[in-house]
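Input: one structure, supplied below.
Labels run A, B, C, D and E following the written order; every chain starts at residue 1.
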Amino acid sequence: MTTSIRGTANADVLTRFRRSAHWKPLEYAFWCLPVLAYFAFPGNYLLLSQIAITGLFALSLDLIFGYAGVISLGHAAFFGVGAYTVGLMGSHGWSDPLLGLLLAALFAGIVGFLSSFLLLRGSDLSRLMVTLGVALMFFELANKLTRITGGVDGLPGITIGPILGVFDFDMFGRTGYIYSVVVLFVLFWLARRLVRSPFGQSLRGIRMNALRMPALGVPVNRRLVKIYTIGAAYAGAAGALLAQTNQFVSLDVLSFQRSADLLLILILGGAGHLYGGLIGAVVFVVLHDQLSDLNPQYWQFWLGLILVLLVLFARGGILGTAQQWIESRRQRTQARQRAGSTS
Amino acid sequence: MTILFDGIASGMLLFLISVGLSVTLGLMNFVNLAHGAFAMIGGYACVVLLNDYGVPFLATLPFAVLVPALVGIVLERTLYRRLYAASDLDQVLFSLGLVFMAVAGAHYFFGAQQQPLHLPDFLKGQIHLPGLDVGVYRLFLVIVGLVVAFGLQWSVVKTAFGARLRAAVDNQRVARGMGIDVNRVFSLTFALGSALAGLGGALGVEMLGLDPEFPVKYLVYFLIVVSVGGSGNILGSLYAAILLGVADVVGKYYIPQIGAFIIYAVMVATLIFRPHGLFGRAHK
Amino acid sequence: MRTFGGFVATDHVNLVVEPGARHALIGPNGAGKTTLINLLTGYLEPSAGRVELLGQDVTTMAQHERCRQGLVRTFQINQLFADMTVLESVAMAVSEQRGLGTRWWKPLAGHGEVVDQAAAILERLKLLPDAYERTRNLAYGRQRLIEIALALAMRPKVLLLDEPAAGVPTSESQELFETIAELPREVTIVLIEHDMNLVFRFAERISVLVSGAILVEGAPDMIAQHPRVKEVYLGESHG
Amino acid sequence: KDLKIGLVLSISGPFADYGKQIRRGIDLYMAEHGDTVAGRKVQLIVKDDTGIAPQIAKRESQQLIINDKVDILAGYDLTPNAFSAAPLATEAKVPMVVMNAATASVVEKSPYIVRTSMTMPQSAWAMAQWAHANKVKSAYIVVADYGPGHDSQAVFTKTFTGLGGKIVGEVRTPVNTTDYSPFLQRLKDAKPDAAYFFVPPGSSMVALSKGFRELGLDKLGIKEMGPGDMTDESSLAALGDAALGFITAFHYSDAHDSPENKAFTAAYAKAYKDDRPNFMTVGGYDGMHVIYEALKKTKGDASGDAFIAAVKGLKWISPRGPVEIDPKTRDIVQNEYIRKLERVDGVLKNVEFDTFKAVNPQTP
Amino acid sequence: MAELLRMEQVWAGYGDAIILEDVSFTLAAGDSLALLGRNGMGKTTLLATLMGATRLRRGRIPFEGRDIATLPSHQRARAGLGWVPQERDIFRSLTVEENLTVVARPGEWNLARVYEMFPRLQERRANMGNQLSGGEQQMLAMGRALMLNPKVLLLDEPLEGLAPIIVQELLHIIDRMVRSGSMAVVLVEQHARQILPITRQALVLERGRVVHAGPSDALLRDDAALDAWLGAGATSESNHETTQ
């Protein structure tokens, strides 16, 4: 061990840190995938846009759960608010998609802001239950207001105008797919900046040790309210995308199943990495699609089995496991070097 | 009066089907969402014996307790054990996986349809008292519920076993280092939780029905009871269940329009004001 | 005054710490020293009484506000960020101190001054070699240093140290105290410590807390000779 | 060239039983009538929509159209799923045979939709008519708080009060209600001549009828009635004797007395032991019938316009009785039977005892 | 003195990381061992390895003639190892008294004796474990280990955070226990000066390896060696600047 790390050594240490926020080659590669998929699977644009939308939805949960550590089993509430915003606008003749997206995010954000105050105290379990309770109440509300929401049957006949007045949503879902991916990318890019900023770092701090943060001058509650609102707005945007690409909204956008699946997707991919939600969405949606084609009656069984195996052998989700693997390899090489130098 | 009694009885049913979860989640701190699957095993054990083998209802109950307990022990030894130290979420994910498998399995073996259950005559009907009509089965539930609650409280929570369990939950590594056989304590407790789940499942068939979706359908209710009661507290779950049952039934009688809202509203309100449940302590 | 249920943990403590003081707080285990710090920083609310900071009443001020006013503490039992690297933890604290905590556009690593300052603190505490190590993988003693580093990052006006040297080997605790002693004279320091070598060398004034109340207060020499203090706290070996 | 039919059904999830029965109806029909029609071999491609999941249903339908290039879409056991797929049928001009989804407005969502099941209003209308004709002056309504419940409630109320009956109380209960006693207690206090129920079959129905008897409402002479979904053949086993005497209006009972139904039930019993056909089986069975007949007429042309033209006005004797595809709405016109739940030779049956002929599916 | 506990060429660590390399020592009944070393050198890891709470890669650990290397942790405790973990690790949701009784095994140490030794604990007996002051937790951890009536007591920095008067008392008690031969003790401590006088032999760890083993009194006199292994200040109050 050397004790004097002045000058160049110090600078070296810091450059490594400074570089940590740059885009990595792997990330560039990742974002080529949606483009490749566009050419590779022309008949599957609906599936692909569903992946993008689910990915965005998972991203929204990652912001509040993966970074700030606020667990939610009711995230579908915001998704649903976004979807119904677009749906109701669409069935009343307000068909501009970008305006719809914006308003959906706005409304979901407002609902998120208001409900965030319910979450400020409490343990994981109570947060889980409070979010769940709120979402269930939203579900019941939409169910009861059959006249406005169409209830279980849903809101058919939503008209969505062309994007920017030019690109029409077609049956093959091509426009919808490009639109979803572009929205996803833009929002991802913003989120990426956010989580690497001081604000994002303070969220991680809150997740790891919320008790310590006030002693660093951090108003924990205010930060939580902020990120919860942002996460809700993101979820609302995802809901809006779903409503727009499907031109249909029904109660299932608010369902418990959706919240639960979402949590599953995020954990599957690995929470707290931003990409975890996206990868989880790809894997989950594709798996679901394939398994239910192969073995429709028992696809749930295989899904269950995969979950169990995942938790037993690949904790931390796909990205978490990859990271662990890299870290343990690093440790092993270190150990080997040490053994070499001491002997 | 009758409404109040019905409320208590429906609370007792809530308690019975979720008490197993109070044990695994509340005492062991394992977020076992597969609780409903164990309850379902108990339910099917009861129904199959009753319908296919003609075993009388009460005589099926021991099996409804034993079968899930055995399954519980086996799963605990092989799978659950590896996850005690895992995060809540990993436990959630894992047990959800089990639920999915259980649902598909039940589909495969028993089909998608509701299972019939026919109570013996002495458990049917109502006793009419002045001003109070008491459903016999409801009364039966109330009695069983009380026996289970107080039995558990005195045999597990307040004893040396309970202290060892809490120690093991607080810090497994150190508990082992202090000579506590953590594995055995956990195995036994888990088996107990599964057994209670099975009992609740069997007793619940009459009122909740039984089909492969059972573990998913009532999951939310199990969780509500345990979280409102506060984890680590059996009697807390009992009081919470009764509170919820009464609120639900009374609400439905007097203001039926608001239907399902009541139970959720009670839960959310409770958890906002008492984040660790009515009787819970800060934990974990 | 603070009670837990019926138990009185600190009882009508009147403690005045002068600006720029080097003040030690000692007393038997369970005397209420940590509780007192918790009260000062707003971690606990007093059942009765007032807390003033630099002439301003802060009794009802939230914890983080007091911290921003310069009232900074360390914890007796480490309160760290297990999954962050050492550099990240400290850089986070620095950025909060500079009021950047709500900036969400520029990456933390892009705030040059913040990173430099964090690195300087790590260097001062000899933590640089572990800059990229995750906190949880460090031995206890090194984690202890991060606790101090976080406090230093907050540029305290008043620094409350709760057994900072516990778990740090003697050799390194010496260095640690030198680092603390190097802090500018304007910084007021209140120290809780059971290692009398450190206390007597460092403190200019000592208060002895017993059963939630101040027993005596005075210069180190006086305390070391005080018979009651010897009886309840120091024992025979000192003085 | 093969005739590809894309089936979108609930094969997993809470409605798996629907998918199963519809599929059996289809298979029975094909077993009886061969797998070739108008010179084209019929090929089924089955997709699972996993329950109420409109975007999955839409996606599966789209893939069926684009990737599998199916000629006909069929299945659709749940209304939202049918709604979401309807625009695709319109855009691709593919016929869409709805075999269950029962909300009245489904057929309006695309000119290429034809329905072979039923609508909610049909049974509610028939029930109200029958109640009025049988001296029921006042009724109390208990329906599950969701779309179909709301529909059923509205049609019953409108028809019944139109005929001069009185609704003395109504309540919408949460879909997953397990204990109906508070609601039934209110019903008891209101002392109606009859109770009109609509709750999902399965656990809710079991709980409802057990509660009804536990409170002794049957002994007070209050008639129990409602749409026949609640006592469909698949759920009878679980119901047991708890609902004996329940009066329902519906278009199909496996106890329907006709040679067509005898043959149908016999074929079913032979193929699937220990199980009984229900209205969904018939929906699937008749759906295939419509496809076969239409193709015979068009000589194998399954393009949307030709197919729909051929379907309009189609008439045949189904196992459920005489039926017709309404040329205007492409919806099914059929008899509604009034039945009573009884044990016949130890088996629970919906025994038909009254008939309303050719009931219009769109709010009669 | 008869051999009680031995470590033979033990390699151990956490996960993939190997911390202890080729560590051996022997402890006789009634013997006492001071385990020294700077921060992060593996002292805690060594105790945890004895308790079976790390990943053992290689080596044997005979205890009373039986190799306990493969025994699960709780059986080692029952066989006679008593552990005071460095971070105290009090059971938070048990009261002070439950913390003590939950691990109790028959022997000379019982509730009354522990309370006699730490009257403070008796005063706080109904407190929850997580509502104790730092020093009280330390006392409780010590008391809890004694309730096991172990043959070997493993103490990981037990003096940390205790008031000087208690420290002196505790050192006395340990000294007495060792002298009376009732219990063997392994003592980890930063303050070498305080414990070398009351232990018989000393072991110094450096980066997971044993760099010195020998009688305590010799080491106590050998300032140079102490300086080299434990850093300046370990030996004297005066301080020099840099050390490697």
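Keep this in mind: a contact is a pair of C-beta atoms (placed from the backbone, for glycine too) under 8 Å apart; a residue touches a chain by one contact, two chains touch by 3 or more.
This structure is a prediction, so every number in the text was calculated from the model and none was measured.
*Asks:* Quick one: which chains contact subunit A and subunit B both?
*Replies:* Looking at subunit B and subunit A together, the chains touching each of them are D, E.
*Asks:* Counting one step for each move to a touching chain, how far apart are subunit C and subunit D?
*Replies:* 2
*Asks:* More contacting C-beta pairs: B-E or A-E?
*Replies:* More contacting C-beta pairs are found at B-E.
*Asks:* Can you name the chain that lies farthest from subunit B, using the mean of each chain's Cα atoms as its centre?
*Replies:* Result for max centroid distance from subunit B is chain C.
*Asks:* With chain centres defined as C-alpha means, what is the inter-centre distance between subunit C and subunit E in Å?
*Replies:* 28
*Asks:* I'd like to verify one number: the distance from the centre of subunit D to the centre of subunit E, where each centre is the average of its C-alpha atoms, in whole angstrom.
*Replies:* That pair's centroid distance is 75 Å.
*Asks:* Could you tell me the distance, in whole angstrom, between the mean C-alpha positions of subunit B and subunit C?
*Replies:* 47
*Asks:* Using Cα averages as centroids, what's the distance between subunit B and subunit D in whole Å?
*Replies:* Averaging C-alpha atoms per chain gives centres 36 Å apart.
*Asks:* Which positions in subunit B are in touch with at least two other chains?
*Replies:* 104, 107, 259-260, 283
*Asks:* In subunit D, what residues contact two or more other chains?
*Replies:* Touching at least two other chains: 12-13, 16, 145, 172, 174-175.
*Asks:* Can you list the subunit E residues in contact with two or more other chains?
*Replies:* None at all.
*Asks:* All pairs of touching chains?
*Replies:* So, checking each combination of chains, I get A-B, A-C, A-D, A-E, B-D, B-E, C-E as the touching pairs.
*Asks:* Where on subunit E is subunit B touching in the complex?
*Replies:* Going through subunit E, the ones touching subunit B are 51-53, 72-74, 76-78, 83, 85, 89, 91-94, 98-99, 101-103, 105, 129, 144-145, 148.
*Asks:* Report the residues of subunit C in contact with subunit A in the complex, numbered from low to high.
*Replies:* 41-43, 62-64, 67-68, 72-73, 75, 79-84, 87-89, 91-93, 95-97, 100-111, 114-116, 119, 123, 126, 128-129, 131-132, 150, 153-154
*Asks:* Which part of subunit D faces subunit A closely enough to touch in the complex?
*Replies:* 11-13, 16, 46-48, 50, 52-55, 58-59, 62-63, 66-67, 79-80, 83-84, 86-88, 91-92, 103, 109, 145-148, 150, 172, 174-175
*Asks:* Contact residues on subunit B for subunit A in the complex?
*Replies:* 25, 31, 79, 82-83, 86, 88-94, 96-105, 107-108, 220, 223-224, 227-228, 231, 259-261, 264-265, 267-268, 271-272, 275-277, 282-284
*Asks:* Which of the residues in subunit A end up touching subunit E in this complex?
*Replies:* 1, 3, 328, 331-332, 335, 339, 342
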